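Note that subunit A is present in both complexes that follow, paired respectively with subunit B and with subunit C.
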Partner chain A sequence: MQPARSRARREALFGYAMIALSLVVVFVFTAAPIVGSFVLALFKWDAISSPQFIGLDNFEALLQDKTITHSLLVTAGLAVMIVFLQVALGLWLALLVARRASAIVRNLFRAAFFLPMLASAASISIVMTYVFNDHFGVINYYLGALHLPTVPWLSSAGGATATIVLVAVWQQLGFTFILFVAALGSLPQDVLEAAQIDGASSARLFRQIKLPLISPTVLFACTVGLINTMQLFDQPYVMTKGGPGEATYTTVLVVYQTAFQNLQFGYASAMSVLLFAVLLVITAVQFTVSRKWVFYS
Partner chain B sequence: MTAITLVAARTQSRSRRIKLGTLLSLVVLIAAAVLVVAPIAWALATSLRTPATSFDQPPQWIPSDPVWSNYKAVFQQVPLAGFFVNSFLVTGLIVVGQLITSTMSGYAFAMVRFRGSKALFWIILATMMVPLQTTIIPVFLIIKYLGLTDSRLSLILPAVGGAFGTFLMRQYFLQMPRELGEAGRVDGASHFQVFARIYAPMARAPMATLAVLTFSAYWNEFFRPLIFLQSTSKFTLPLGLVTLQGTLGTGSISIVLAGVIIALIPSVLIFLAAQRYFVEGIVAGSFR
Partner chain C sequence: MSTNLFTEPLSRRGLLKAGAASAVLAGLTGCSSNSASPSGPKTLNVAVFTDQASANKLTKAAGTFEAAHPGVKVKFTGTTGTDWNDFFSKLLTQIAAGNAPDIAAVATEGLQLFAAKELAEPLDDYVKRDASELKSYFADVHPALVEAMMYQGHLYELPSDFNAGNMFYSTSLLSSVGVERPADNWTKDDFYDIARKVSAKGNNVVGWNWVVRLWGSWTSWMYANGGNLLTEGKYDGGDWLWNTFYPNDPAAAGRKGGWQWGDPTANSTPVVEALDFMIQLQKEGLSPTPDVGGGGTLQGLFASNKIGMAIGGGFWAGGLHNAGMAPGSFDVQYFPKWKSQRHLFGAGGYGILKSSKNKDLAWEFLKTLVTPKNMDLLSPGNVTTFPRKSMMTAQRYASTGPKNWQVFYDTLTKFDDTAPIPAPPYYNAMAIALNKRTTQAMSTGDAKSALDGLQSDLESAAKTS
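Right after this comes the complex of A and B.
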């Protein structure tokens, strides 16, 4: 019979051994780098000569840097439009599909809406560069055929912004759709039926019963959507390179070029820290909102 | 009598209204589905036309006489086979690594008693909030320090363990009865045997979820390969295709599109085979 203490110690050792691999990966490649970003932000460094400590100079420079402030605004604008459309359209389609009784029909629509998510944003952007091409793209062809004015999709600031929004919404629609189908499916049927018998219209049913009940899912979709789209990179990199001018020059694109093309590692790290702070604020705001507004049963 | 007719009439008009609504909703859904599938259908159709006619208008949605030569050309003119092997190697090893590390750590955090387990779990969970894009510079420097720049290992190593997998597996193991393991211990099984022979085999469903989500995330990854890799021979599919688009120019779009379609096939096959795990994974993420 083993003494209890050595048995507990053995169990603990086993526990540490089991988490060791995950812990090492997380520490080396996520926890340490986040600290590293803050430290690097205090240096001037071109990756070749030795780094030079300059305190908060990088952050002071950031505040004067029109490119970065502009890119934050551009990214925030894109993010708000993308998330709004994704959530609204995903919810609307989920509500429509919930009316279909047949599981086969529901699964067919689900597969259709999910298809773009299976492709990489980069290769979808390649396809979309052709589809949205100003001169020989499919979209302008059909606009012309319908005698509508064609749109300079990729060569004007508004057009490029619209293109990026449309492509991102199109690709991620399946995500919000699936979330909302699951959330609507888990609503208490007896409550809905009782409300229907009482003569509630479907608009009222949605506003006063369904929407409050699925509000945690709405908030989740918004949070995840905002955090992801604030890091938008693949689509503008492939389709617009941030242009025309700086119309689609997103923050991560600026960080990428500052670090890996201009070799300003310290300055780019300060930008990353700024972006990280922005994302933390978004999370904090949504956390507060969730306490006031979201209904948790 | 009149009351009954009235009620009947009302129900009838109501059911007609519902029918009309149902029909309208079906029309909207079909229109949306067509719009969502259209760009990929266009890519597929155009990949079956000769490069010279790829921009002919109106677009031919169903190629009248499909040309398969583009699919040969991507393998002959472009190292697509190499991109494919690289993507498989990188994604496959990441999936295997994630399954091993996450199952082990998820199990330990759910079932094993050790000091600091709660604190360590919360630290790992907190890193889930740290987006890759904001730590890419230090990660790149660590890769450089380890001498892994321009290697496929530079993509694999940082991705073989993570917060999401640990969290997902822990949630699952928390629901399993502890008695099974205790019985196993009484029968003389070691801690590891209890994990490997009793609990891990019962966790096939969340492992499948983790596998498909990890696969689709890394199969489609563009950002890290763009930064970590320099030689074309090591490129994964998304990076290879974007480079291809740049070098081939607009004259060969149907060849590029053939590459895009080929890159999509493994994801579609996995989705068809494991649809419910995709859905479960997405939904599981929202209930954390």
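Right after this comes the complex of A and C.
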């Protein structure tokens, strides 16, 4: 018994040694900053002077802050539009590719749709700023050449919102597309064939067989998409600076400016805690509601 | 006796040893990045607002200093950003992380921010000590620029460059509508008339274009209309400087211890009128929607001869030349008169960080940076206006233009109410609010509502700071 226990302990120690580096990385770069944010939210700190403990004052100030409330609404609006389009378009494209294309074409499409995801959001946003520029952007250039009215893409509230949504959807579409291609590819063929033999139309096959079977993937895409887009930063920071006015002023942009430009690190941490709470609630609601429509076979 | 990690199980002692070794290694690595032997060479770290490739070229300006101080190296580190507030936020983060440079390039925009946070060292004692050495420098520099570098009676920087908001114009576009050159005392109406005629040419040509920022934006119209975003005042003090270096200079009369920016006045009538004018120009198609940021894109557009007029300072001369414009294809005039012909300006300089362990050495280096030779090395090719009037010569502008280069410096002497941009200690929050509310006004067409919002933003920022 003794040698066996000792051996098990040695194996366990070896296991811990193997994951020690990962644990350190997770602790230093994820866990510690999270805990730090919660603690910092109770302080007033400009990163230069000594931090001053102020209890819940930052959270009280948040309740009066119209900017953060507005930014949460803006972010939620953008997130809903982006996630809806990403999921709907990703699923539609995956269905098209799965149904009609050969393996080569399927792989080609997979690569093509996934490619934008490999570029950094910041560099894509810089390019898109030029593409959508009101005055000399390529889109307005062609609209003008076709004698169509030009669009104030980045200088009107509606235009800027639409542009941010378009760019974010275009860049992230590959993720949902790949998810749905994989989900559709793993559907049980016998069930599909049985439905087809029973005379189910394509629409009915999709609505009553495929969609329920891939509903866990839909839930995953919605959840991950929502969490990501609620943290939208690169596109509005680079393309619109949150404008015009506050039309694309997302919460993370407000947090960044509050912390790193206004040097209110405590208050920015309180904002982050608020965003964390909002995301937690949204995700919990998603999972609760999902019990009614997600089918786990 | 060696152990093989992959074939032999790890003992608890072994694990602890490995952990301790890792910690020591990490500690050593951490130390090595910042260590310097006390007897080894000293390095003066200088933070500048540019890319690293350009920063490397600045080392030429340290040649004489390094030769005079054996064992001392000067290292310029470039940091990029969309505008000064972006640069300052990165620099402040660097300082907060305990990695402060000895010297930092800080323009008017950030002078009070750094001084109020007690990050910058006042230069008073150094300047008093080396007064005789600095007499020729101050005799050559307009007192308005020196006053802009003061805060609460103390001098924080020696101006090394400046730019006043003048009006650049395309000579060919203005000539094509029958205007050879606007008069020195031209008015807002003259400007409007020219902008209308140039825009009527079509083919994507506009009479006027601008960028959203604090310097050289619609804020120039605000100054000309007698308005400001903040109440203007002056700090007491500074007599020691004025009495020492400018005792009989009429341009120094009334100068005090730096600009004191008081309560916000962002929704006052002259300010609203100025922004309304921008909206009017956009609605009438005389100007496109402005970009937010430093103005690099605007210079590029101007160089493509699609813009009749744009606000620019001396730095535009080199910028337009580098963008391919030939001397003679553009020129510069004073900003037009509205209620007055008051101009705004921003000045640049280098400040010593309070945290520096080499302050005396840093001061010796700062003095060398304001010599004509080093100013030339720091800003080659007319990419700024020099604060030393003796450096403003026809020969300097012969290869780049503009023909009327005297406008750059004469703005200070001709219009004695010319003042720095309003940059209080909460400049970063102000810049964000100004950009946000300006774009709001331009997209909604409602200047008053946007400026009411700006007023509220500035009140909140002033209170928080």
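Methods note: the second predicted complex is superposed on the first by the 290 of 297 C-alpha atoms of A that agree within 3 Å, B and C clash if a C-alpha of one lies under 4 Å from a C-alpha of the other, contacts with A are read in each partner's own complex, and residues count from 1 in each chain.
In the analysis below, a contact is a pair of C-beta atoms (placed from the backbone, for glycine too) under 8 Å apart; a residue touches a chain by one contact, two chains touch by 3 or more.
Because the structure is predicted, anything quoted here is derived from the model rather than measured.
Within the superposed three-chain model, A:173 lies in touch with subunit B and out of touch with subunit C [touch as defined at top]. In the superposition on chain A, A:11 makes contact with both subunit B and subunit C. A count of residues in subunit A touched by subunit B and by subunit C gives the higher number to B. When both complexes are overlaid on chain A, the residue A:242 reaches subunit C alone and has no touch with subunit B.
Once the two complexes are laid over each other on the shared chain, residue contacts for A:113 go to subunit B alone; subunit C is not touched.
By the touch criterion defined above, A:40 reaches subunit B but does not reach subunit C. Legend: residue contacts after superposition of the two complexes on their common chain; A:268 is shown touching subunit B, with no touch to subunit C. Of the two partner chains placed by superposition, A:212 touches none, neither subunit B nor subunit C.
Of the two partner chains, both subunit B and subunit C are touched by A:136.
Of the two partner chains, subunit B and subunit C are each touched by A:260. Subunit A residues 10-11, 13-14, 16, 136, 260 lie at the interface with subunit B in one structure and with subunit C in the other. On subunit A, the positions that touch subunit B within their shared complex are 8, 10-16, 18-19, 21-26, 28-34, 36-37, 40, 89, 93, 96-97, 99-100, 107-131, 136, 138, 141, 145, 170, 173-175, 178-179, 182-183, 202, 216-217, 220-221, 224, 227, 231, 233-234, 237-238, 252, 255-256, 259-260, 265, 268-269, 272-273, 275-276, 279-280, 283.
Subunit A meets subunit C in the complex at residues 7, 10-11, 13-14, 16-17, 20, 46-49, 133-136, 152, 154-157, 241-247, 249, 257, 260-264.
The touching residues of subunit B, when paired with subunit A in their complex, are 21-22, 25-26, 28-29, 32-33, 35-37, 39-40, 42-43, 46, 55, 57-59, 100-102, 104-105, 107-109, 112-115, 117, 120, 123-124, 127, 129-131, 133-142, 157-158, 160-163, 165-166, 191-192, 195, 216, 219-223, 226-227, 237-239, 241-242, 245, 253, 256-257, 259-260, 263-264, 267-268, 271, 275, 278-279, 282-283, 285-286. On the side of subunit C, the complex with subunit A involves touching residues 9-12, 15, 18-19, 85-86, 88-90, 92-93, 95-96, 117, 119, 204, 288-289, 291-292, 301, 426, 428-429, 431-432, 435-437, 439-440, 442-444, 450, 461, 464.
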